[in-house]
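Heads up, the next two complexes both have chain A, just with different partners, chain B and then chain C.
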Partner chain A sequence: MKVAFPHMGRVCIPLKTLFDSLGVSVIIPPRNNDTIKNTGYKYSPEYSCLPFKMILGNILYSLENGADTVIMLGGSGPCRFGYFAYMLNLIARDLGYRFKFICLEPSSLLKNIVEFKRLLRCGYSDIYTALVLGWEKLKTVDSLEALYFKTLPYISDKDSSKQEFEEVVAKLEQSSNILSINEIYRDYSDHLAVQRDIYKQFPRIGIVGDIYTLNEPYSNHNIEYLLGMKGIETTRSVYTSTWVETNAFFWKRKRFNKKMKDLSMGYLNDNIGGFAMETVYHTLDFINRDFDGILHMVPITCMPEIVSRQVLQRISVEKKIPIMSITVDEHNDCTGFETRVEAFAEMLYMRHKKV
Partner chain B sequence: MRAYLGVDVGSVSTKLVVIDDAMNILSSIYTSTAGQPIRTVQDGLKAVEGEIGNKAEISGVGVTGSGREIASIIVGADVVKNEITSHAVAASYLVPDTRTILEIGGQDSKIIIMRNGIVVDFAMNTVCAAGTGSFLDHQAQRLGIPIEEFGGLALKADNPVRIAGRCSVFAESDMIHKQQLGHSTENIIAGLCEALVRNYLNNVGKGKEIKSKIVFQGGVAANIGIKAAFEQALDQEIIVPEHYKIMGAIGVALLARDHFKKHEKTRFKGFAASGFAYQPKSFECKSCSNLCEIIQIYQDGSLAARWGGRCGKWDTL
Partner chain C sequence: MKIGIPRTLTYYAYYPLWESFFKELGCDIVVSDKTSKVILDDGVQYAVNDACIPIKLFHGHVHNLKNKADYIFVPRLMNYTEEKTVTYCPKFLGLADMIRASMDALPPLLDIKIDMREKRKYRREEFERVAALLKTSPRKAMLAFQKARLHLSRYNTMLSGKLSPDEALKLLLDIHDLPAASSDPLSLAVVGYPYLLYDEFISAGLIKKLLDMGVRVLTPEMVPPRELNKAAKALPKDLFWTFSNQVVRSSIYYLQSGSLDGIIHVTAFGCGPDSMVDKLIELEAKQRAVPFICVSLDEHTGEAGVLTRLEAFVDMLEFRRDRK
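Our next item is the complex of A and B:
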């Protein structure tokens, strides 16, 4: 059995650990690049979104290189009427690939685990150990990124900090027990704490949108790094780990959904699929937490985000907070993107200074 | 006398402006970029040199526009700024108490909301360039009307037709359809102006509080038909400043002036830069799977700048 899964930011690190400890070999495509994007575009319906096309490119690459099982994290939720993952599966089958397709949905996680046990012929305890280790790595890699982009604007030697960060992540990739994972995080946060000037407060931006665009630097043009270099603190609304936490853990899911619905009430009363409600909820939440601005990433043709963009405009007027929606698609050239982001950052600085 | 150079390399036109400390415009050049930003900027520099000669000494240079990176290498810029900030600086300086800036250029359109002299909100066209200068240019050409007369014709219309303004492809087929039905050119052009303004206000200006004074700038501000359509749609006075075409360049020249007052030095390469041979070369970096397209600019055979990498590998020359 050779397992493959599409890239989404650094999610391949915990997933590789998970399968490694179960003794399953994995095929990881290279980090998202133009070749993968072009493959995805070639075989996708024209009207599908950038995440769909990128994921298809990833899957086709893995199948071409010998994968026989493809695992998707989510993808049969209400986004694209629940057909997101199935379309990927069908397109690859139409191209002649034969493989097993597993769509991990938080709601059917227990069923998936039983299925895995049967496929791998291993015990529940093995799966449990692998899941715990994988979960710990996922949480840590997300916390490391969050911490880095929160601190980046304050670091004096920004260029070498990127290198440093990559080294820490590489170390995390190698570690194989929870103690060393926790140690890596502790060391790095101590290291960053020294560089953070606590008397300074730069403008803060909350980045909202769908999970793929937020977590995959290739599709968001590395927005957090770009803003960090311009002296802006950033926080994502949805990290992979927070999504797993609030969806797979049923005891947390209920509470989170209630919280989300309560706050969004009056702006978006029903879940319309994708991450529309999360976008609205987190925007309001960021505003309550005194963020200086909101950046909304919209993959072109993404219905849920198009709806939430309209809602966000109303929030922007009512709460008097600058909210900018940026549409992302296949274009490679970043000048237009950078112009908007730079202008947004500068405007926040001007507003920030005035207060 | 000290002077400051502002260069705005846009998608369609390139603007160069020289101002002095008292904000007098010593020289201003407006040319077509014609897809050759390097040569256009160099020709512009030569023309500026011819106009100001030895009268003034360039003490600061600012560049803006979508070609700002490349222009900053050619002239040696102290300030590299985005168009939004540059336009806002110029408008708030030349038209005090500006509260709204409508700007339509060759490929993009933006709205900038200002309160008490600072930018508090802005929006830019998202994915479509419908209603920007290059589309109007194209239509004028198709109808065989010089672009300078295009707006004037709109004012002569007695019954503007309705044109779909959302998408330039739809707008064009709508226009052709109306023209085949026998509507007069004046009415079609007036309809187009209204459609573009409607599209701009719905798309770019959506949800923004448009308060006077409203300044309309950018190349399209030359079109009096569009200006009239804005006045009609907003029911407010629209101010088109004297230097509407070169506002971006003026703004960035003002920023260069501030920069000089602070740092007392400039990176300006001198007017000789118009004679250097600049040559861009690109290659695909194969060090990792990102496959970045790296662009290198050579000045007289030696490497002057490089960009395009996602990692830090190519950052240092």
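Our next item is the complex of A and C:
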């Protein structure tokens, strides 16, 4: 069995660990690039959103290179994501690929685990240990990224810091037990603490939007790195690990949903699917935490984000805080994107100085 | 009390429900004008630029009602079917929030949440809120809603069984007479959302043009619900959107019936659910070797462009039939 799954930022690291420790080989496409994007665009429906096209490109690459099983998450809408898996399956089969298709529906997760156990001929304890290790790696890789982008503007030697960061991530990829994972995180945070210039405070931007665009550097033009190099501190609203925590862990889900609803009341009164409510909630939360500006990333034709985009315009006027929404699409015209982001950053700098 | 109802989106599918509900409660109803260039331009001005054309039109219709009504009715439709997993497009669910965020100095919005999945307690709370706004008792509101539901289901059964396709079209398009069909007409399934198909301005009179060419037009509304449920089994998983389910299932039903010459999918530029719907119909039509065309509408719809595409498609179908 050779498993294929799509990229979303660095989520392939914990997933690879998970499958490796179960003894399943995986076929991981190279980091998202133009070739993969173009394949995705060629075969996906015209109006489907950016994440779908990228994911299709990934899956087709893996199938081309010998994968025989595709694993995807399902969902219950009303965002299109819940239908991605079935659509991918139909399109790939229409193109003539033959493979086994496993869709992890939240409603039948236990059934899926039983199916896995039968398929891999392993025990529940093996699955449990693999899940724990994968979860720990996911949490750590997300915290490492958060820490790096928070500190990046304050580091004097920015160019070599990127190299260092990649090395740390590579080390994390190799590690195979929880103790060493924790050690890597501790070492790196100590290392960054030494380098950080503590006498400065740069403007802070909160980045909101849907999970794929925020976490996949190829689709957001590596926005956090770009802003970090310009001397802007960034905070991402949704990480893969925080999403898993607030959605898959039912004991946390209820409390988080209530918190989200209470804060966004008056702007968005109902959960309308996707990440619309998260976007509104995190925007208001960032404003309460005195951030200097909000950057809203919208993948093209994303339905929930269009609603939240209109709502954010009202929030921006009422709370008197700069909010910029950027639609990202298949044209990776980096210069145009960078110009807009730079102008926004300059403007924030000027406001920051005045205050 | 005057209630303004925008003549778009849910109007085309649920107007009998709204009409009977508000009339039962003794309210007057003002429906916004038929879609026109002015309404479209207003909509484009107020809505966010990523939004699809129906949502922009909705903004225009709300603007049209600005000085005409005491309340503007913007339903928060969550679920109105027997299926529990089905809802509407996220943009429908957030309509009231979108309107509030973009337009100032409006009459108060009447955003009634309609969710048949909710427990009775929550539904009663919603009725209490609405009754307080409309100055009646919750009990009366609840009874009026029950009556209105009956009214709507009667209207739907009429469309999907009792009337012939031509008569149903007359009712849906709000016209008196249709051009006479040719002796052996091509039968075309024209599938798409009701707010696109039956809005004569935005669809550039698509259905009428087809009728003028002497084609028999079949639309999703004409399929009985039982047949729709049967057709649903052909899908790997139900879609999450009520209107989309209707479109996909009715296309599958028409394709399975076997007597179809071609299928036209009418979609709006940038419609999210339609990206999935379109592909599903396309794959299904490909399997059964039925010609398929997708006509996408946007704010620049030139009538000539739509007509050319339709004529080419119909001509092609006629050649195909002659060759057989």
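Observations on the model:
In the analysis below, the second predicted complex is superposed on the first by the 344 of 355 C-alpha atoms of A that agree within 3 Å, B and C clash if a C-alpha of one lies under 4 Å from a C-alpha of the other, contacts with A are read in each partner's own complex, and residues count from 1 in each chain.
Everything that follows uses one rule, which is that a residue touches a chain if its C-beta (ideal position, glycine included) is under 8 Å from a C-beta of that chain, and two chains touch if they have at least 3 such contacts.
Just so you know, these numbers come straight off a predicted model, no measurement behind them.
Annotation for chain A, partner touching more residues between chain B and chain C: C. In the superposition on chain A, A:163 makes contact with chain B only, while chain C stays out of contact range. Of the two partner chains, chain C is the only one that A:48 touches; chain B does not reach it.
Judged by the touch definition given at the top, the superposed model places A:90 against chain C, while chain B stays out of reach. In the superposed model, A:25 lies in contact with neither chain B nor chain C. In the superposition on chain A, A:343 makes contact with chain B only, while chain C stays out of contact range.
After overlaying the two complexes on the shared chain, residue contacts for A:38 are found with neither chain B nor chain C. Look at A:300: by the touch rule set out above, it reaches both chain B and chain C. Of the two partner chains placed around the shared chain by superposition, chain B is the only one that A:322 touches, whereas chain C remains out of contact. By the touch criterion stated above, A:201 is placed in contact with neither chain B nor chain C.
Comparing the two interfaces of chain A, the one with chain B and the one with chain C have residues 300, 313-314, 327 in common.
Those residues of chain B whose C-beta lies close enough to touch chain A in the complex are 66, 69, 82-85, 108, 118-124, 126-127, 206-207, 209, 288-291, 293, 310-312, 315. By the touch rule above, chain C contacts chain A in their complex via residues 47-48, 50-51, 55, 76, 78, 85, 87-91, 93-94, 96-98, 100-102, 111, 113, 236-237, 239-241, 267, 269-276, 278-280, 283, 286. Across the interface of their complex, chain C is touched by residues 45-49, 52, 74, 76-80, 82-83, 86-87, 89-91, 94, 267-270, 272-274, 276, 298, 300-304, 306-311, 313-314, 327 of chain A. Residue ranges of chain A in contact with chain B, taken from their complex: 30-31, 33-35, 159, 162-163, 222, 300, 313-314, 316-317, 322, 324-327, 329, 332, 335-336, 338-340, 342-344, 346-347, 350-351, 354.
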